[in-house]
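Two complexes follow with chain A in common, the first pairing it with chain B and the second with chain C.
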Partner chain A sequence: MITFILKRLGSGIVVLFAVSILVFSLLYVSSGSIARNIVGDQATPEQVALKETELGLDQPILTRYLDWVVNALQGDLGASWFTSEPVADALATRIPVTMTMVVAAMLLISIIATLIGVAAAVKRGWVDRTVQVGAIIGDSIPGFVIGIILVTILAIQMGLFPATSTISPGAGADAWVLSLTLPVIALLINGVTGGAQQIRSAVIKQLERDYVRTLRSRGIQEREILFKHVLRSAAPAGLTVLSLQLIGMLGGVVIIEQIFALPGMGPLAVAATGQSDQPVVMGVVMYTVAVVIFVNLIVDLLNGWLNPKVRAS
Partner chain B sequence: MKLGPKAAAAALITSAALALTACGGAPGANNPGAPKTTTLTLGAVRDMTSWDPAQAHVGHVLQPYQAAYDSLLLREPDGKLSPMLATAWKYNDADTQLTVDLRTDVTFSDGAKFDAEAAKANLDHFKKANGPQMAQLTAVSDVKVVDADTIELNLATPDPSLEFYLSQAAGLMGSPKALGTESIKTEPVGSGPYVMDKAATVKDSQSVFTARKDYWNKDNQKFEKLTLKILTDPTARTNALVSGQVDATLLDPKTGKQAEGAKMKLVTNQVDWQGLLLLDRDGAKNAPLKDVKVRQAINHAFDRKTILDQVLLGQGSPTSQPFGKESGAWVEELENKYPYDPAKAKALLKEAGYETGVTLEVPSVPGFETQLAVLKQQLSDVGITLNVGAAITNTFTSDVAAQKFTTMYFSLFQGEPWVAINQIVSTKALYNPFKNTTPELQAKIHAVQSGGEKADELAKEVNRYVVEQAWFAPLFRVNQMYYHNDKVTVTPQIQQAVPSIYNYSPAK
Partner chain C sequence: MSESVETSALTPLPGTTGQTGTVVRSTVLKRLFKNPLGILSMIILLTMGLLAAFADVLAPFEENFANISKTLAAPDSVNILGTDSSGRDVWSRLLFGAQLTLLSALLCAAVAIVIGLPAGLIAGYYAGKFEAMSNWVVSILMSLPGLIVLLTVRAAFGPSVWIAMLFLGILLSPSYFRLTRSAVQSVRNELYVDAARVSGLSDLSIITRHIFSVVRAPIIIQTAAIAGVAIAIQSGLEFLGLGDPSKASWGVMLSEGFKNVYLTPSLLFWPAFAMALTIGALVLLGNAIRDALEDQEKIKHRRKKAHEAEDAASASAAKAASKTVAAVEAGTEHHLVKVTNLGVGYPQADGSVKKVVDDVSFHVDRGEILGIVGESGSGKSQTAFSILGLLPDTARIVGGAIQFDGNYTVAPGEDNVSQERLSKLRGKRISYIPQEPMSNLDPAFTIGYQLVTPMVRVLGISKSEATKRAMKLLSDVGIVNPDRTFKAYPHEVSGGMAQRVLIAGAISCEPDLIIADEPTTALDVTVQADVLDLIRDLQRRLGVGVILVTHNFGVVADLCDRVVVMQNGRLVEEGPVRDILREPEERYTQTLLASMLEGKEPMSMLVPSSAKENVL
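After this line comes the complex of A and B, so read on.
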């Protein structure tokens, strides 16, 4: 078990390095006029040169990358080229907002999708058809459209929620709850419909298996079969879907945060990428890759715990 | 506050409960805390990169600085320059020395006194701090302290815009003790009407200011609290405005419709022009552009009114000149110099010997795809091919300077004539990358530079020249759509999409 975790962490570090090299090179290509963008349209060539020296842009790419790696390994992710805000600070204030939203959405998705998926698989008939149709509708409406509809009705017309985030230092839990409710709903609808579909088919597949018939023939209660055996065997499929959704959500959340003006990772990532603000982009990418690696590791461990067969492989 | 997993779970359950029972009380915006407090909350398009006054810019990147910093001169809403920290200013006869008298009763928020030494420290700092508007003081060779409340700005060459600049970024005065420190980047230290509430301010989310006690000029301090809420997304700005979270914000023609539906009030203003920049006027890379008839033909090919109606819902004024209406260089008869006339365009192309075979290459510009598609259609009607290439990237300014584009579609700021000349006409201008000029034009530009008070009038000649020579194919000046609710009154500021901070007051 420990070897497994260490192995996975080792490969995770390799991935982090590979991604950092890739992203750093890509940014290098587009950082040609970064100094000019910082000092503005009317800057003289001398001003531009001054800024380039200040940012170390006159150094070869290898030197710049190694500088970054050495500093990053010591916990220093540098500071934004445009705002001088330390990257670590920028991430520290934004990660709680984004992660609260993502974790809340994922928990709700897991619970609701499982309930709906199992209900559809077990009851079949009209329940199943309703879930199927609902899934198609839910899947076909992008999260940001749902977000805009929710804002228009619940925030602007009914005034139940703030239209844009009221999260600020000293804001109470009520500001967090009210500000995050609509974004979380906008995020989770696609997840619920997608997840419910997958869980439904996984459960149906298990219900058709021979061992279920054997269990039934022994007179074991349906409830026990479902919760003790079927769900356990169907769980890996569900877990995989949910982990993919979580990773996809890290992208979807960017647009949702823009619409609700949430001070999360999204606006930071968008602004930094648009400006080729290298230290910030590197920080955001490293953080995202780390989350993805971590989520995959947790899912693998959970799968192993749920299903011993997976552990062997 | 930060949320740990437990708190998050608790928040989640509470939120679910609230959503289900629909008992979530109306958010703060609808019932602001103390009823007597006058607060102003503005939806800002972006956050400041640094609060160092030398990093201030123009328009909406100037307004926030005005909360914390006073400037030497005050620019009135109509563009007139009035005393602020400077009580009087006067040029010598050669326009090479500007003597500025200063107030003696002003202190900065850290207690430092504003005097001639402080003013000099700011101007010196601005000249070397490499800010985006550093060029504003290029003409100033040195600043001399004459006495405790007088400074002298010595100019290497006359600069007709200098007084204007002293009402803009270059004129913002920060505490000499704070200039150049790390802390001023995140917390402004000025003599302005408001001081930042650092604890309530979050980067890229909101900047909060409170009225400064004992501020010297109560006329410029009309609110007790000022919040700039950063809302980069236009949908978010619209939602925040119509739901009452912000009192005023900048929208666009489409989102403006929604604001009008919610009975928001519009203050409109023309700040930018949009159109084609026919950059390669010597035909270095695209030979036909050398012929003025070809450039004029391009100008005659566009049905400006229809394009404006379709693309911007009519929010603007068609024009054939690149200088702004309030700039002083605007000439009435140039407004419709090139009416829509495809037959004339074809005739001009024939005269020039380019009946067929004129091809213009332009880069695609995010946000202007529709405009480019319409231009392509209208140009093809007169026999000109418009090829829209790859979209511009963040290497855009370098690409322009490196003569990568022979023609481009863009939206440009219409400032004071000397500012505009240095932006699009002079050989030093970024948007004249091929450095086109003629002795005739040089003479006209020189006349403006040394024209003193007649500079605006003389700039009309530059305007006439570039319009007659069809250096550009301007389409229209664009209306800025600034909306506010009925809790505040707002006076638009000339040449600014977002009004100066002094232009807001509580509605009576």
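After this line comes the complex of A and C, so read on.
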């Protein structure tokens, strides 16, 4: 068990390094004119050269990368080239907002999609048809368009929720709840419709398995078969779907935050992207990939716990 | 839709053998055109494509032409959908936006195909190091959040939608890779590829000829999905203001509308509508193709079965003329099981009922082993499952009755097995030994758990008591180390051992009737004899009634007291085993007996008379 975790952590670190090299080299492409952009059009060539030296842009890429890695390993992700705010601080103030939404949306998706998916698989009939139609509609409307619709109707026209976030450093819990309700709904609708559809087919597949018939022949009641055996066997498929949804959501939340003017990672990432603010972009990407690696590790562990065959290998 | 399925099932397909690729494609297309949603989606996509292609001609204004004196105007005869905050024509921008959006979706899908398809072909066909390496790359690509990567790409390369879509295509290529690889893997070892290899075709033409025809339809489905994703992500980037501001796109229009949401919320509607319509059509198209493919499978399956049912129907029609459906006779209460004129059928979409069991009657007494013999599709398993009450949900009892120990589980006139009555009997008085041992144990639970739980639930005994009994049962069925098997998971034991476990489970609650469905078919020949011995032993010791479903007359001769021969859903012959084996009256029984391999002379095929002697 411990060796398994260590192995997965090890491969996670390898991935993290691979991504950091990739992103760093990508960003190197755009760093030619960055000093000029920072100091402005009016600056003299000397000022530009000075800025380049200050940011280390005159160094070869390998030196720059190694510097970044050594600092990053000590928890120093550098500072924004434009605002001089340390990247680690910027992330620390914004991650709570973003992750609150993502975690809340994922929890709700897991529960609602499982309930609906199982109901559709067991009851079939109109429940099933509704889930199928819902999946088509959910697939057709991108999450951020749902966000726009929600904010237009529920916040702007009906005034039920604030149209822009009221979260601030000193804000109370009610500000958080009111500001995050619509964004979370916007995030979870696609997840629920898609997830329910996938969980439905996973459950149907399990219900057709031979061992279910044998359990019935042994006098085990239908409810126990469904909740103890079928759901457990269908869970790995559901977990895979949910983890893919989470990966997608880490991107989708950027747009949602922009729509609701939330002080999360999204606006930071968008601003940094527009300016090619390399330290900030690196920080956002590395944080996101680290979250994904962590989630994948958890999913692997859960799968091992659910399936003894995986556990053994 | 199901109606169209039925009608096309009746018309024979030309050349269903050989050339499967082209036949599959043409019928799938035909079915696609019969699906209203499929047609609708294709019309929408075609219209979108034409509007985009002729945007330059159709649009009344340039995409960036701004009439500053007419901003946020309501629709009129000049600007049919109104104008935005810079006085640009919404309709024109919608058309140019369609052009950009559709082209970028196409680019993304094309890149993903160009990378994913060959990589999947190579990985699936040659496996080895390339596959291991590409699997690693795939797992990395799949764990990268697309939008975040595209933000990085934007930071590096500036606001080009084409570069963004190139990278998105790379990110999405794993879906084609995985699809192609698994399709190739499943086809790789199939006979026709081997045959092609023997006939001297090069690897390349093997791949293009055979495998490409297999993955073609799934790739179209995948492309529809990926195009939808590309449109959503591309619009998202544009909405964030990270696209090229000089180009009209649906995402930019949404962002423009959102900025003016307090003044003119209707500006939001058109781009959102266009986006939902296009992605929705793609989703529907993908679903329609998938449905068409699945129907294809079903019909192949159904046509085969329909054939059998037809034969059965015509045969039973002849019999029914001389026989009237009798009420259950009195004085049969002493039989453990009495099946009377049983019929089982599956209602079809066109209202007819396909009978798989027709007018079957027999009985089983306590302490007796009854064999039900027949080839696959003869209805023998369906008969057994009706006694157990474990028919598929769609099955109906279309005639007759079943009694268990003097009580009806299916009363005359009922069209379903009464679950209420049977749930009290199943596990407790009637139990079941399945055919395939491995798939009949839940892989997620230990063997011990799967033995103990039914005893706790059915007999109401304590867990520790049930554990004690389970150990005893395991050694009773000949497992040498019950303790180890008890703790093992199903995948840790052999097939023969798993079958012993299932037999232990079947006798654990001391039933009166055991229904064994081909209990030895999935086992090695050496293990088969052991398992048959075990069943005979247990049957004698416990004095239970056994219904043994099998296609093997050897097993019948070995174990059974009486035998029922079934063909095409009806009963052909019934009697004591010795009589049937010595003097089979029906031709079908003779053929079945003759097809046995045991004790045959080499090269003598299907000679009934010699077979009979050899069997006995």
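General remarks:
Quick note on the criterion: the second predicted complex is superposed on the first by the 313 of 313 C-alpha atoms of A that agree within 3 Å, B and C clash if a C-alpha of one lies under 4 Å from a C-alpha of the other, contacts with A are read in each partner's own complex, and residues count from 1 in each chain.
The rule is short, and it goes like this: contacts are C-beta pairs under 8 Å (C-beta built on N, C-alpha and C of every residue); 3 or more make two chains touch, one makes a residue touch a chain.
Keep in mind the model is a prediction, meaning the values are calculated, not measured.
Of the two partner chains, both chain B and chain C are touched by A:Ser30. In the superposition on chain A, contact is made by A:Val19 with chain C only, not with chain B.
Judged by the touch definition given at the top, the superposed model places A:Ile259 against both chain B and chain C.
Once the two complexes are overlaid on the shared chain, A:Leu178 sits against chain B while remaining clear of chain C.
With both structures placed on the common chain, the touch criterion links A:Ile148 to chain B and to chain C. Residue contacts after overlaying the shared chain place A:Ile5 against neither chain B nor chain C. Looking at the shared chain after the overlay, A:Leu108 reaches chain B, while chain C stays out of its contact range.
When the two structures are aligned on the shared chain, A:Ser276 is found in touch with chain B and with chain C. On chain A, the patch touched by chain B and the patch touched by chain C overlap at residues 30, 148, 151-152, 156, 258-259, 270, 274-276.
Of all residues in chain A, those touching chain C in their complex are 15, 18-19, 23, 26-30, 136-137, 139-145, 148-149, 151-152, 156-157, 209-211, 213-221, 224, 229, 232-233, 244, 247-248, 250-252, 254-255, 258-259, 269-270, 272-278, 281, 284-285, 288-289, 292-293, 296, 306-309, 312. If you check the complex, the residues on chain A that touch chain B are 30, 32-34, 36-44, 47, 50-51, 82-85, 90, 93, 96, 100, 103-104, 107-108, 148, 151-152, 155-156, 159-173, 175-178, 180-181, 184-185, 258-261, 263, 267-268, 270-271, 274-276. Of all residues in chain C, those touching chain A in their complex are 140, 142-158, 228, 231-233, 235-236, 239-242, 254, 258, 261-262, 265, 268, 272, 275-276, 279-280, 283-284, 287, 388, 390, 423, 426-428, 430-432, 434, 436, 439-445, 453-454, 457-458, 489, 491-492, 502, 505, 509.
Chain B makes touch with chain A in their complex at residues 1-3, 5, 7-12, 14-16, 18-19, 22, 24, 26-30, 46-47, 49-50, 57, 130-135, 138, 182, 185-186, 199-200, 202-206, 229-233, 235-236, 239-240, 242-243, 245, 262, 393-399, 401, 422-423, 430.
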